[in-house]
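Just passing along the structure, written as structure tokens.
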Amino acid sequence: MTARETTGAATRPVTWDRADPAGAIAAAAARCSNWNRWGAADVRGTLNFLDEGKRVQGASLVRRGVSFSLAQRFDADGPQKGWRRRTNPVHTMLSSGLDSSESQHFPHGISGADDVVFMPLQASTQWDGLGHIFDHGRAWNGRVAAETVTSEGDLVTGIETAAAGFAGRGVLLDAGRVLGEYGELPDGFALTPDHLAAIIAAQGSSAAVGRGDIVCVRTGALARARRDGWGDYAGGPAPGLSFGCADWLHDTQIAAIATDTWGFEVRPNEFDVAFQPLHQVAIPHIGLFIGEMWDLEELAADCAGDGRFEFFLAAAPIPFTGAVGAPVNPLAVK
Amino acid sequence: MTARETTGAATRPVTWDRADPAGAIAAAAARCSNWNRWGAADVRGTLNFLDEGKRVQGASLVRRGVSFSLAQRFDADGPQKGWRRRTNPVHTMLSSGLDSSESQHFPHGISGADDVVFMPLQASTQWDGLGHIFDHGRAWNGRVAAETVTSEGDLVTGIETAAAGFAGRGVLLDAGRVLGEYGELPDGFALTPDHLAAIIAAQGSSAAVGRGDIVCVRTGALARARRDGWGDYAGGPAPGLSFGCADWLHDTQIAAIATDTWGFEVRPNEFDVAFQPLHQVAIPHIGLFIGEMWDLEELAADCAGDGRFEFFLAAAPIPFTGAVGAPVNPLAVK
Amino acid sequence: MTARETTGAATRPVTWDRADPAGAIAAAAARCSNWNRWGAADVRGTLNFLDEGKRVQGASLVRRGVSFSLAQRFDADGPQKGWRRRTNPVHTMLSSGLDSSESQHFPHGISGADDVVFMPLQASTQWDGLGHIFDHGRAWNGRVAAETVTSEGDLVTGIETAAAGFAGRGVLLDAGRVLGEYGELPDGFALTPDHLAAIIAAQGSSAAVGRGDIVCVRTGALARARRDGWGDYAGGPAPGLSFGCADWLHDTQIAAIATDTWGFEVRPNEFDVAFQPLHQVAIPHIGLFIGEMWDLEELAADCAGDGRFEFFLAAAPIPFTGAVGAPVNPLAVK
Amino acid sequence: MTARETTGAATRPVTWDRADPAGAIAAAAARCSNWNRWGAADVRGTLNFLDEGKRVQGASLVRRGVSFSLAQRFDADGPQKGWRRRTNPVHTMLSSGLDSSESQHFPHGISGADDVVFMPLQASTQWDGLGHIFDHGRAWNGRVAAETVTSEGDLVTGIETAAAGFAGRGVLLDAGRVLGEYGELPDGFALTPDHLAAIIAAQGSSAAVGRGDIVCVRTGALARARRDGWGDYAGGPAPGLSFGCADWLHDTQIAAIATDTWGFEVRPNEFDVAFQPLHQVAIPHIGLFIGEMWDLEELAADCAGDGRFEFFLAAAPIPFTGAVGAPVNPLAVK
């Protein structure tokens, strides 16, 4: 592994005009586009970087056999408050232990419980699919958004097309622990490529980031929400990646990135008037898979304990056909 | 690995009176009970067998780095027909690529798609939780079902308690290929412990089954349903495990078992009047996790190709708090 | 009341080319358009015909004080089979009589049951809203469909805009009883304006149809489905209005029409290749409200008994904001 | 109409011990029980008072032909905040005006919009069914709650059994206008029988309350919530009926009562520790139908304008089979 891979640092300093998000986005998109990198029919985006060798490498990282779920609990006590019709999951029972075998019309004393759920697919721990965000009507790989994601769902890059891919090497960048006071970054903290390089340097060689990795960035925002109440955890101010990370996300050739925040990038955004500009580059242009609202707390504590920040990560989304995002229970195994 | 572990065969022949399911179930429960094996507070059941060493062993099986999703697609074209209010998932868009940036009131040309789903948690590929089935009002570990699984869900053994456990060694037993004509078992075919031993013997040492393994049994029923139409795939006749496998499931100390059918055990059941008698032993008494409606087709083809029937399996259910079953996208990595 | 009002018969015979649905639809739309009849901002369509005088007239028809619900039961045993993601309603309990006051954490022995539902809005007895059907991208009153009904719902003519209007004089035309064998029309039976006139004539003066009335047409298809099983009741062949009724629907100036079938017009449609051509005229061009899957059985029996086919009808849809259709429990009071 | 009917006033003054809700509830239940009044099989409760004569009387009140919807809009901007898993309705489109005829695979230029909803049945304007509340495990008419309302829903008194009944004479008691400052009662204001009598007296003879009437009590709480924001409108403090109204509700022999608040009775309740004690008497013992979250604003303005507080009311709940409550769009016609 070369020093370049180890640091993953962008060599190009990035600046932009706060008053011109459209211009900055267009420039970043031009620099970072992966359109047609894997052919016109591609539906895998940066998952293409996660090849079989990377998967073998990931598995080789399992030493102690401990596993960590990186999912929040899915229930009515979650962070959603109805913004854009996103509610928390509503879980109800079709039958329960209160029903008897007789009332269920079953023989020989058997009875059962069964349940249903209603949920926005991005209500809790999830992957953004490649059909989640568009730039001026264009989806990943230059496709026309209106032809790609209709009322029937994502007809081309639905999350089911990524069902088998998310298994490989995971790397934890614990930004909260390295850069924050008390292990947490404040809302509005913008993580720059230099910050990422500093975290990698501080954590040591096991934190090197390179092609095909799935990078997990812990800001501490979830820990804070758990302690202080959800507040605007889902949809409000948050620490996260700076718009200036677009090139880093592209150049490192990572397969995916996930954070413990609702939106992965810093909020408020770094423009006078903007909404998730880094998404607008990352998903349609880079073809990057973004994980949000991951629970990295237990894993981070373990990594801090043994000084190893890499692990095998299996994070397969539920393959809802045509979904533009999907719940996932990521497992990190060390 | 000993011969005993290799074959996993039960040494006790099991017989029962077709007219007396209650008696047969009670006898099997008495033989196979794991109540209090891991203490009164246990919520993990047979997941206790899947220890860290097993997880390390599982990871060591990754050689080529190929991964397989063992999930069916989750959509409206699934097998459910409304039995016990189980519908197929209904996926709808909150917004799509048809909506413009302007209509979404977003700046700088960004727009997005978002979606929701309504689904029974056991509509498609899933794990049964330990609160799914009761025997005469008793849940896993002897708990009173009515106090354990209420209208609020499973208050003790909800699937979220198993969120981190399902990562380890998977073994495919391709019953359809070994025993069936054209690679498929017919509906009503009851797989006995002798059948399982024969499959293991036929497949060779990589198919050995032992403590802590997650066993995947392919009957071919899903392949048939895909070819011929769903018919009664969800709720009707099916090949599956014989009631006589209760001891095998217990004695092998496997962590979990999954099949490509809706109900894991053979249907019609092997009694004059019965409903899922093996469930009644396996879940509340053995504390066994059962996976249903898994898609083992691609994996099975690969295993048949390279003759290796073991793999690393990560199969983490979405941790809906209090759920008695949950969707999962299992990943097998070889 | 003049003879014209009594018969409601169209005076223009209508013919069309079975091979040219587009041409026939365009011609009917030209003849029957109500665009701008009530101004460019109109959202009420034919509800404009149901004025206060009509409502007073309707109330005056209440003689015996008997009331009839014209709604089917909303439950999982309904006719939907998943076509276009339309499922039957799924009703689940949040809590029930099985939960105790203690388990609900309530004082003084109170306990309660609560429930939720998931349902397509057109799963059962319902009104089509004016935003339900479009003709070449045009909605009611000539609006651009894509600007009127977006992923956010119907921004202009959502069913909530009709929340207060549906109360007035109802008239039952019992086509099954007058024209059918055993009180039922067979699937594919096309009711023409002449048929409607004959029914009115047979039923007598109380069956006169005129401006502002809500016409309920009973074909007997629901009775048949109840007896023989749902089959393709929702989405398949059915008796219903002929395409030739477009002018009748327009010229009579009725406020609304409802049937006991899923789609109000005859199926198969009366063209070589077509899908609901009468809808394409009636909703976007006439601005007509159409009720579907109404249960007219009890009411019809009563009307046949006393020979009075008119009644007060209150049929207020649940005002889901932006809905293009909505469930309704219509009450007929005689 | 006698003076007794006009005032509807209870003659018995009611007092209770704030520290003993159970005792007060038991005493009120004993005084007010209607168990077996209409036989052991009864499922209609106080709807029995709404007979055909009352329905004729109600229809006779229609003079001007104006109609008012008494339903709130059903949408994501409603008052629910997740308490007891009650969310606001989530309405999504299956297809919309953004989809083209071609993309929908329809011929001759037709296209359509369709939609679904997920909602708690008591999320907005609704009727409580007779299976909604229990007293020490007993439901309406003395039935065992656990046998009456199971995980399958209300097997006996499901709201569908009341599908045809709610049409008759409605009376508005505008408590806010008569007793409040600025037309609104403050939260915690307990309406006593004396208050109700005073309102009736102030409003005049058209406000007389008697057997079989549906009484609509406007507190002004909804107007306040619309002006000031929902706050705790659904589940928090509210003006409403005093516990002391139990006898009035029983003795007047009204068919139903509805308010513009979430819970009909005053909150906080008039005991040291209590939860909805008047419900505990009214539903299981009186068999009373209670409407909640009705929008009485327009109707109240009209009544204040013409001095007539009675009207025809049709308020048929959507007949979800087994539901313990159901949405309704009540129509008042004057």
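Per-chain residue numbering starts at 1, and chain names A, B, C and D are given in the order in which the chains are listed.
As a working rule, a contact is a pair of C-beta atoms (placed from the backbone, for glycine too) under 8 Å apart; a residue touches a chain by one contact, two chains touch by 3 or more.
Remember, predicted model here, so these are calculated numbers, not experimental data.
Participant: Fitting on CA atoms only, what is the rotation between the copies chain A and chain D? Please report it in degrees, nearest 5.
Facilitator: About 180 degrees of rotation relates the two copies.
Participant: With touch defined as above, tell me whether chain A and chain B contact each other through largely the same residue numbers, more than half shared, or through different ones.
Facilitator: Mostly the same residues form this interface, as more than half of the numbers used are common to both chains.
Participant: Looking at C-D and B-C, which pair shares more C-beta contacts?
Facilitator: C-D
Participant: Would you mind pulling out the distance in Å between where the CA atoms of chain B average out and where those of chain C do?
Facilitator: Between these chains, centre-to-centre, one finds 46 Å.
Participant: Please work out the Cα centroid separation of chain C and chain D, and write it as a whole number of Å.
Facilitator: 28
Participant: Can you list the residues of chain A that touch 2 or more other chains?
Facilitator: 85, 90-96, 98-99, 116, 118, 146, 150-152, in rising order.
Participant: Which residues of chain B touch chain A in the complex?
Facilitator: Result: residues 21-22, 25, 51-56, 58-60, 62-69, 71-75, 77, 84-86, 89, 91, 93-98, 100-101, 106-122, 131-137, 139, 144-154, 160, 163-167, 273-277, 279-280, 312, 314, 316-325, 327-331, 333 of chain B touch chain A.
Participant: In the complex formed with chain C, which residues of chain B make contact?
Facilitator: Interface residues on the chain B side: 76, 82, 85, 87-88, 90-96, 98-99, 103, 118, 146, 150-152.
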